[in-house]
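Here is the structure we will look at, set down as structure tokens.
Chain lettering (A, B, C and D) follows the sequence in which the chains are written, and residue indices restart at 1 in each chain.
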């Protein structure tokens, strides 16, 4: 028989801090919730849904766990749509329903040179990863972003070997960043570890480079999710064995060679 | 907690309370063991099962809509064999009802599937999904035709041994009472209603449908008024017990369905609003009944003053 | 404001933009003159009209539901004569389309009504409501039968003179494409779709239905996915222009319907969310199109990549 | 051609003051909105719907106009259900959509002894009525309520001839109040004016008394409304000519003999 403890809780908003926004980029917030009473492995995520959403917006929203510290559960939220916008309007004291920690996590290989590749809000899971890594001197961050660097919690990456933030506000800067990405990844092709989190085009680029360079790389996917617990089969990704597996339970972290990203995937031709 | 009796007696099975989970929204049950005690539920209807494993439809398969969602999963499932081997043994089937949801493309296949499941001790009942609206771009689906509903029901019944057979009805029909009568004529012990409404969503930026399958099934609170109407119509048309499904998101909603005549209910999309939703509803129900002066479900059932 | 062209050319009429108001949600039009310039709308479809005045159904007649509402007004109206005398003269029918919505209980009565309206200069077109789901407690309504749809359409057409005839379809059918073909076979110049879904709501405290009529029509954002699917199916089944209705609450929603093939749309329940809703959508549409790089509605229409 | 000015506006919340609640009665609030730029006649109402309701709760909520003063539009809100509860959570600065003023208004007959009968939140329209009456010395208020009297803005009735507040917390007190109501109305039976606003059972009592006493009385109805502008026909009441008329445009104020309240009304037997 399985235990019946409930991993779905109502937490309180401790703090909601606007970190920046405007200039064509969606606004960013740090959200701290009351301590959840569990620990996590970096790369894991939670589902969050404020009860005040009532009957509209029927899904929770998946957010990476940035960290769990004494003051609570830290999240980074980029307000890009209906749900994240409403999340960004939460005020201290309000109640939010949270279930988690969910999913698998990034590999931690303390002695391997480790490259964190973050695109925009993809920085979130690396906050905890960097802080908890046993040998931060082996870890490097390469971070492409659109808001000014000050908008992101880069101080949390202070202990790393190197943290490099590259702004990509226009197509030119973006192209240069991708170039730089390739250059940097080359250094981790043999015996290193590359971990990436960010928008899908970014992950596609990283995946292609990793396959070409034969670098060991993990990607954290951001598939649309309804349940977050493996039940609805709405979030599936195609893995290396040509199976459709739930991103929320088999992921969100996949080895680059063990996952197809949507535009890579041949049409499945599944029947109804 | 109240001491009120919420037991529901149905043909061939007894539920400790009227709260079941709806197929496809509760996985194989085990996914929710971290959020409540499965044995506290009235029962679990597992994800639609087919004879062979199915990959389902291409992605994207889900889209959020006003007070609801669309899905076109396409009955991805591990197949009946893997289910019986890898999932069922871990479900608390001695303590609560575990109901299979059968998916097939013709009556014969339905019969085969029923035969496999009928022999298994842990299966409490069989629910027949004749109403999958996830057909590629329109056309009238299987479960919209009374003749086919009857044929499938007969075939399943013939193979189901002593297991009670529930037929799940589609709302995408002109007259759901007709469909209900067809199922009962075919030997259905109970009916569940409703499955999803056929719907669609598009993205004006990409000019693409939000579901790769183009059409999908609409579920959630948005459809509750339609579900309630269907259950009311079906309860008046046939005399077998009816299980209400569609948009249930609170203990109050459960009583809505029982008031119009349902014996039990299934909680679907609400499981996504929070994974302990069904557990909470099951535990809140007795207190709500007490507050409203409802002594027992049998008295309350169908007591609508209309 | 943008200079984009939003003109819609339809058989026998031209709309300055695709935004009409849906019958029963915009009164006789005049009720909304305090909230915008009626002449800025693509057109106004007035409340359902019958030959004689009707009192409609008993109260309560409306109930709010998740992202939607139920109504069972029962086509209360002042009758066609009083409308032509007391309302139409005050509507800006020279500047925008004023469309009558015809309600009757048999083909003959529909024909009579059409004849009365056909002779009136200020009426731009006739919309035939064959799909009123407000029938007392179930039973298959009029507009759910293709044969009757065809018969009514023929009768209206015969009496409509040169006025374009729009047939409004009910979604409460197994196959809406069938209904669409029946209307087109009967001579419909255009179709509008959809009318409301049949639904129900109850009050567990009083144990009464929330509508005196028990069943009512579900409308609002909740039904948009169903409406969009119906419009898509109908656009593929017939070649006459289709007017999309159901849950439209923003300029984006309008483009959703045009993307799946609609020529124009009707705004219904959204008029209750704020009385200037239709005016706002009409004025916001060009800017939205510009933002999305949509040069004209004719190019965009039906350009869904499915 | 009719003018095309838009009587639907987005106003800002200036103030939201909790006035009391608990003790089994729903909480009461005073809501002040930025000045609407129109004046009103007491008895009229507005429809209010915050844009943040998004797509759920598709109807605005009708609220009596308590007053329009320099600082803005005053409303009293009793949080009894989903909508009024969410209204009560509005905070200063937030935007709400308001259309109005709507409906007809109470008779003002300066020289006639006028009795205001208010049940609970039915006090709202009388705030402005009392303050604007040319001869407040002719006006008397009789007010039955469940919250402590301090919860209501009774100071606004200071200029009246008499303002009497009777608490009705239990059936006994209620019965005594109804008794008192009858006694008081008797004094206005000849040549007076009785105006009533409150819950439907209260209005039914007043109506019956008025018909028996042949007192000239007006009742303000609180029918369920969707549009507020006479278009949806969802709010109809049956008038003395056996017609179904919109409460939002033909009312909300009706002469007692010219309206049937729901339980008075014979079943209409209307066909679909």
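In the analysis below, a contact is a pair of C-beta atoms (placed from the backbone, for glycine too) under 8 Å apart; a residue touches a chain by one contact, two chains touch by 3 or more.
Chain by chain, the UniProt names read as follows: A, D = Dihydroorotate dehydrogenase, electron transfer subunit protein; B, C = Dihydroorotate dehydrogenase.
Just so you know, these numbers come straight off a predicted model, no measurement behind them.
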Original post:
So which has more C-beta pairs touching, A-D or A-B?
Top reply: A-B
Subject >> Where chain A and chain B (Dihydroorotate dehydrogenase) are represented by their mean Cα positions, the distance between them in whole Å >> reply: 34
Original post:
Approximately how many whole Å separate the CA-defined centres of chain B (Dihydroorotate dehydrogenase) and chain C (Dihydroorotate dehydrogenase)?
Top reply: 34
**OP:** Please report how many Å separate the Cα centroid of chain A from that of chain D, as a whole number.
**Re:** 53
Subject >> Interchain centroid distance [CA atoms averaged], chain B (Dihydroorotate dehydrogenase)/chain D, Å >> reply: 46
Subject >> chain B (Dihydroorotate dehydrogenase): positions in contact with at least two other chains >> reply: 66-68, 220-221
**OP:** Send over the residues of chain A in touch with two or more other chains.
**Re:** 55-56
Original post:
In graph terms, nodes being chains and edges touches, is this line, ring, star, complete or other?
Top reply: complete
Original post:
What residues on chain C (Dihydroorotate dehydrogenase) touch chain D, complex-wise?
Top reply: 24-27, 30-38, 40, 47, 54-64, 66-69, 71-76, 90, 92, 132, 134-136, 213, 220-221, 249, 269-276, 279
Subject >> chain A contact footprint on chain C (Dihydroorotate dehydrogenase) (complex, rising order) >> reply: 66-67
Original post:
What residues of chain A sit close enough to touch chain B (Dihydroorotate dehydrogenase) in their complex?
Top reply: 1-8, 49, 55-60, 97, 99, 223-224, 226-237, 243-244, 249, 262, 265, 267-272
Subject >> Interface residues, chain B (Dihydroorotate dehydrogenase) side, partner chain C (Dihydroorotate dehydrogenase) - complex >> reply: 65-68, 70, 137-138, 140, 144, 172-175, 177, 197-202, 204-209, 214-215, 218, 220-226, 228-229, 232-233, 236, 247, 252, 255-256, 259-260, 292, 303-306
Subject >> Residue numbers on chain D that touch chain B (Dihydroorotate dehydrogenase), as the complex places them >> reply: 55-56
